[in-house]
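In structure tokens below, several structures.
Here come two complexes built around chain A, the first alongside chain B, the second alongside chain C.
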Partner chain A sequence: MKLRYVVGGKVCPPGGEGVPPSTRTRRPRSRALCLAILALLPLAASAQLDIVITRSTQRAIPIAVVPFEWRVTLGLPYDFAEIVEADLERTGQFAPRGRETMITRPTRFSEMRLTNWRIMDVEAVLVGHVSGTEANPTVEFELVDVYAGESLLVYRLQSSRDAFRATAHRIADLVYEQLTGARGMFSTRLAYVQVTPGREEFRLIVADADGQNPIVVLRSTDPIMSPSWSPDGAYLAYVSFEAGYAEVFVQEVATGQRRPLSPDRTSASAPAWSPDGRFLAVARNVNANSDIYIYPIDGGSPRRLTRHSATETEPEFSPDGERVYFTSDRGIGPQVYVVPARGGQAQRVSFTGSYNARPRLQPDRNQIAVVHQQDGRFRIGLMDLRDESLRLLTDGPLDESPSFAPNGRALIFGAGTTAGRGLGVYFIDSGVMRLLRAPEGILREPAWGPYEN
Partner chain B sequence: MDRLKALIERVARSLRTGPGVRSPGANPNAPPLPMLRPCSWSVGGHAALMAFLLIGFATRIQTDEPAFGTIAIDGVVLDDEAVQREIQRLDELERAAVIEREQEVERLLEKIEEQQERQRQQEQELSALSSQAEQARQTLSEQQAEASRQLSAMQQQQQTERERLAQVERERQEEEERARAAEAERQAAEAERQRAEEQTRRLAEEAEAAQRQIEETERRRREAELAERMRREMAEERRNEAIESGQLDEYKARIRQRIESNWSPPGGIPKGLRWVVLLDILPGNEVDGIRFEAFNGTETDRRYIETAIRRSSPLPAPPIPELFERQMRLRYPPTEAGE
Partner chain C sequence: MKSLTTQNACLLILLALTVAACETSDTAAQPEPGPEPVDSGAATAAGGATAAGAGSGAIASGTVINREGPPVASEPGRNASGDWIGGPQGTLVIYFDYDRSSIREEYSQVLQAHGAWLAANQGQTVRLEGHADERGTPEYNLALGSRRANAVTQALTALGAAGAQLNAVSFGEERPAAEGADEMAWSQNRRVELVYETN
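After this line comes the complex of A and B, so read on.
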């Protein structure tokens, strides 16, 4: 027999279950009850407090990324930790403590005094050092859980002079995965279109996930649109207007070699890869009517997937390749529909509002990012496929082209904010948005590439 | 010829006795005294010379005899008379020569005897001197022996005296030793007696103290029991008052808020997560042990729950000490609270 306290603050001594204390105290019986409780004192001593937790608090996890000790005899020290720290901070899920607040700069768990880090209110600390030669240094690092007092991760990576940034992103991936349970996306790449001022030149650009190392893979005086990564990250499909109409091309990223998807050079747009990389779903425009077609990547005949007088466009394969989501204005305004990849009846998916377009599926979760328009503002929304609810993530007013990071924890989109245009990166877990801007021109239609290792 | 032989024997005898002269009174077995030796050599020398002369003479006489024989053979042709005369003359001559020689020998013998006589006298003198020296030596020897005997006797006497003194000293020391031992024994016995007395006294005191302590302990125990009972009753009273006034709920709410503010899984709370944790709480409100009684999440989820709890430690203090509990159960989500 013990006292049990349940949520709501009700006192429930034996025999008094559910009786509010205020009413009980007025009764003469309560005196006798108290005496009865006194008689049970030895038992009451084993009572416990039962506390019900109702929610968590969203906050950035305080961490410390200690600069890695440079033990390479020659060469200028490279600051791996700085890039790792920037990657983690950008997600909004982590709050790295500044280096100037660090009392010590340990290089491994065994050198750490955990109380110092607890005083700094740090939950996790990344320490490491770089050794070997400058051409091929070895980076060793360790992630420490300050409160549990244990090492969460001990790792060694081989780097090379031209891959320092890539190594740092890889470290950030591993730390992110250890701390969040989700795979890191810092080693991935982005593709997007840059339009120079005055629209004299359109560039297809590939860059690191943090926007660094941009490489122009295609230049054109005609518009370039809708880049899409092959699942293995080796190819980009995109639309080029170089022939005077919209045409889908497939280009190998590493070599720059490209070819038109269709031998008959038909007008098509919005290419999307099947998960196995063997097909491209495109919106093909025939007789001023756009429908979804499936093209074999190796040049076979296309298969028509939808047949409707309305405009059907912006296809997207489900992760299992069994279904194709697309935008159709067969109802009132554009909405998201889904159709079996082998063909069949299309079903409407989005119901909130009058404009939900360009669906992109979040990997591993039943959510779809869409462009939602309301009152003239185009915003990115996250739609839950189970309850059809829509959560708006951005403010617009001219946001477009959402694309998920392969881990589904972030999405990138063309941000048309009142403050200017660029690429917006929205981190779903933290609700933090970052804006990538080019020194000149407009960045738009970003596509987040797959995992590359 | 017989006279000649007798002479030779005399000489030979004197020669034999010459070197064999020994001092009278000397030990017959002792060697001759060295101081007499040159004298005997000179005697010997004379004797040898004499013997040589005598022997040479005798030899020549012998060789003459065959010559007479030859003459006798040749004399056949001579007449007896002439021969007889000649023989007579020769005998005459020979006799004169012999006499002369005998006289000569006689003189020599006399000289030798004279010499021997002197020698004997000298020997006697020497012997007398020797005897005197021997006498003196014996006397000295006897004196020395006597002195030695006397010395030995004195030493013997001294030794005896020393031994006697040593014996006396030993006896004295032994006596002292016995006295000391007896004293030590007496002191030890005294100390032992005192110790025994002290022991007895202490034991008695201890027994008394122990008895007092037992009584005191018992009294304190009774008092403590009483106090504890009163304290518990009052504590329970206060506890119930706190419960009924809502203080317990406020206390629990503070703990809940502390944990919730520190629970921040980076991706939010995963859908369907459910956990029950039992905490051991130290008197300073510090969390000691964390045990998951139920949990259906990932390792990452578990880590953020543990971090939330550890960051919240020490937990808010109860408003009154009576509300403190050694264990605390946390659960999520709320829908399972009313089981």
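After this line comes the complex of A and C, so read on.
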């Protein structure tokens, strides 16, 4: 491996995620503040998501993540390394060695005796230390290739007290990219719907990619469906039944400001953003016939993209914005079709089996994830657009709603497994599948957000 | 900071509710204690949601929607208090086969009765709520529920009801009548409910 020095003074993600939501409300009165706190009650209740491994790994890179030395004079030490290690381990691509097996705890490459680490059979070691003030500590770390005996990555990040987790995820991103060649996805966010027991409440939740820090951004006594991130991660489009029927709303995540997509309050569903963030493709139901329409995000009249008496729904733009993939049951059973975004003839894309729906394009690959049904089992499949071959990733029997991480190396989906219901996370390179579950209710319809830095 | 005591009180309430929530989490019948204070204070009615969207600056986190729409009959054909409010007596739920929106033969008589009744009571409107079972993608099932509601709409129109009396909506798989991942539950969820509306 070639020596690569990257010295950065980058500031970690702005405080947005760390700011307690109650401070962002505009209400001046103390009663209002009280209500705002009460509104966050389920946040505390559902903060801890249960994570279960449902399928074991194949081959993983042995690494060691040494606890970072805390050189800050005041404040409780924060364990950055623990979060970095958990991020890497979760992918199934890394096998971190336990801390108790470490003979020494170096903080930089120059302090390391490489033979100690070769004995442990690790290929890479992450070391680091934290200095400065507790409010704004500096985190310096180094990634070492044990066998080549060289430093692969040297980095310095400025953190702040409310962004420790974010900083740790950023470190994990950099290590992941250095060791796998793919950009890390640990600093991204998820959106999903939590349905409370008895379906009394529907919550739209935004959480970190590891399922931590869930924040309720919308709660309703009526169903919420199909969250979809804008390409810049600032907005969510989703379906709400608050008016008694399915309707698409667009909400700014940071402020909670929301508005219906269609000024005339037309019924629509399955929103999908264009790559430039200027349009939403939706399924619009006119006289019980669902077709794909393109809505300008800033108002203006929608354009009809498909004209067919069958059901057309679940649109998805191609990365260049030139085509729109969608599901149609114009043949026998639902299949994936594609149509030019400017309009034109639709072409069938999926041919394996009698049920392939809800296409999602894998970033940087000629593949789409679909929901594939065979013998009554609904599973997530990965279809190659060149040879139309289909590889089934999950077992079902009731899996749905696949959504790719922005690096295309993992996907999240609504898992209906025999082990339970929740959000399934499938790591494509390792074959590991995990399940995120809430302490109460069902989590469903996840959407993996874009890169945010 | 001047409302410190109030904040403390809030925290106490919060703690109390958290404890309460933990204690009652196993009893499904018990209403959830937490959200109710929120509903009374910070709820946004159906119409209000538009206003909030139009720029009144909705709440940053935990925007609340508690629809106070038209009274939803607890049982189709009856209002929330259980009074009969319209439509002929009889079956008001029509069930469907998997992934189908065609009406089974067994419902022709009951649909005839409803069609004739609506033709004779032009002022009466009915909401046709289409539903699907959980199998398949939620978005596809939303369209499927819509097709089912439309099938019943067309049948009632052919049997004498006026289009303006019929309001078809779909809830897809979002509002199942029965919970469960087996045919027993699924067969009850593939349905159209006729909900006679109070005018």
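To be clear about the criterion, the second predicted complex is superposed on the first by the 395 of 453 C-alpha atoms of A that agree within 3 Å, B and C clash if a C-alpha of one lies under 4 Å from a C-alpha of the other, contacts with A are read in each partner's own complex, and residues count from 1 in each chain.
The rule is short, and it goes like this: contacts are C-beta pairs under 8 Å (C-beta built on N, C-alpha and C of every residue); 3 or more make two chains touch, one makes a residue touch a chain.
Given the structure is predicted, the values throughout are model-derived calculations rather than measurements.
Visitor: Is A:270 touching the first partner chain B, the second partner chain C, both, or neither of them?
Guide: A:270 contacts chain C only, not chain B.
Visitor: Touch test for A:123: chain B only (first), chain C only (second), both, or neither?
Guide: A:123: touches chain B, not chain C.
Visitor: For A:400, is the partner it touches chain B (first), chain C (second), both, or none of the two (neither)?
Guide: Second partner only, chain C.
Visitor: Quick one: chain B or chain C, who's touching more of chain A?
Guide: Result: the larger residue contact count on chain A belongs to C.
Visitor: Regarding the shared-chain residue A:98, is it in contact with chain B (first), chain C (second), both, or neither?
Guide: In the superposition, A:98 contacts neither chain B nor chain C.
Visitor: Quick one: is A:148 in contact with chain B, with chain C, with both, or with neither? Answer first, second, both or neither.
Guide: A:148 contacts chain B only, not chain C.
Visitor: Using the superposition described at the top, list the residues of chain A that contact chain B and also contact chain C.
Guide: Touching chain B and chain C on chain A: residues 21, 24-25, 34, 37-38, 41, 44.
Visitor: If you look only at chain C, which of its residues touch chain A in the complex?
Guide: 3, 6-7, 9-11, 13-14, 17-18, 21, 25, 28, 31-32, 34-35, 37-38, 41-42, 46, 49-50, 52-55, 57-67, 69-70, 99, 134-140, 142-144, 146-147, 149-150, 153, 168-172, 174-176, 181
Visitor: Hey, which residues of chain A end up touching chain B in the complex?
Guide: It comes out as residues 5-7, 9, 11, 21, 24-25, 34, 37-38, 41, 44, 47-59, 61, 93-94, 123, 145, 147-148, 178-182, 409, 429-430.
Visitor: Spell out the residues on chain A that touch chain C in their complex, using ranges where they run on.
Guide: 21-22, 24-26, 30-45, 196-201, 215-223, 225-226, 240-246, 249, 251, 254-260, 265, 267, 269-270, 283, 285, 287-288, 290, 311, 313-314, 327, 329, 333-334, 355, 357-358, 371, 373, 376, 378, 398, 400-401, 414, 416, 440, 444-445
Visitor: Which of the residues in chain B end up touching chain A in this complex?
Guide: The contact residues of chain B facing chain A are 232-233, 236-237, 240, 243-244, 246, 248-249, 252, 255-256, 259-269, 278, 298-301, 303, 306-308, 310-311, 325, 327-334, 337-338.
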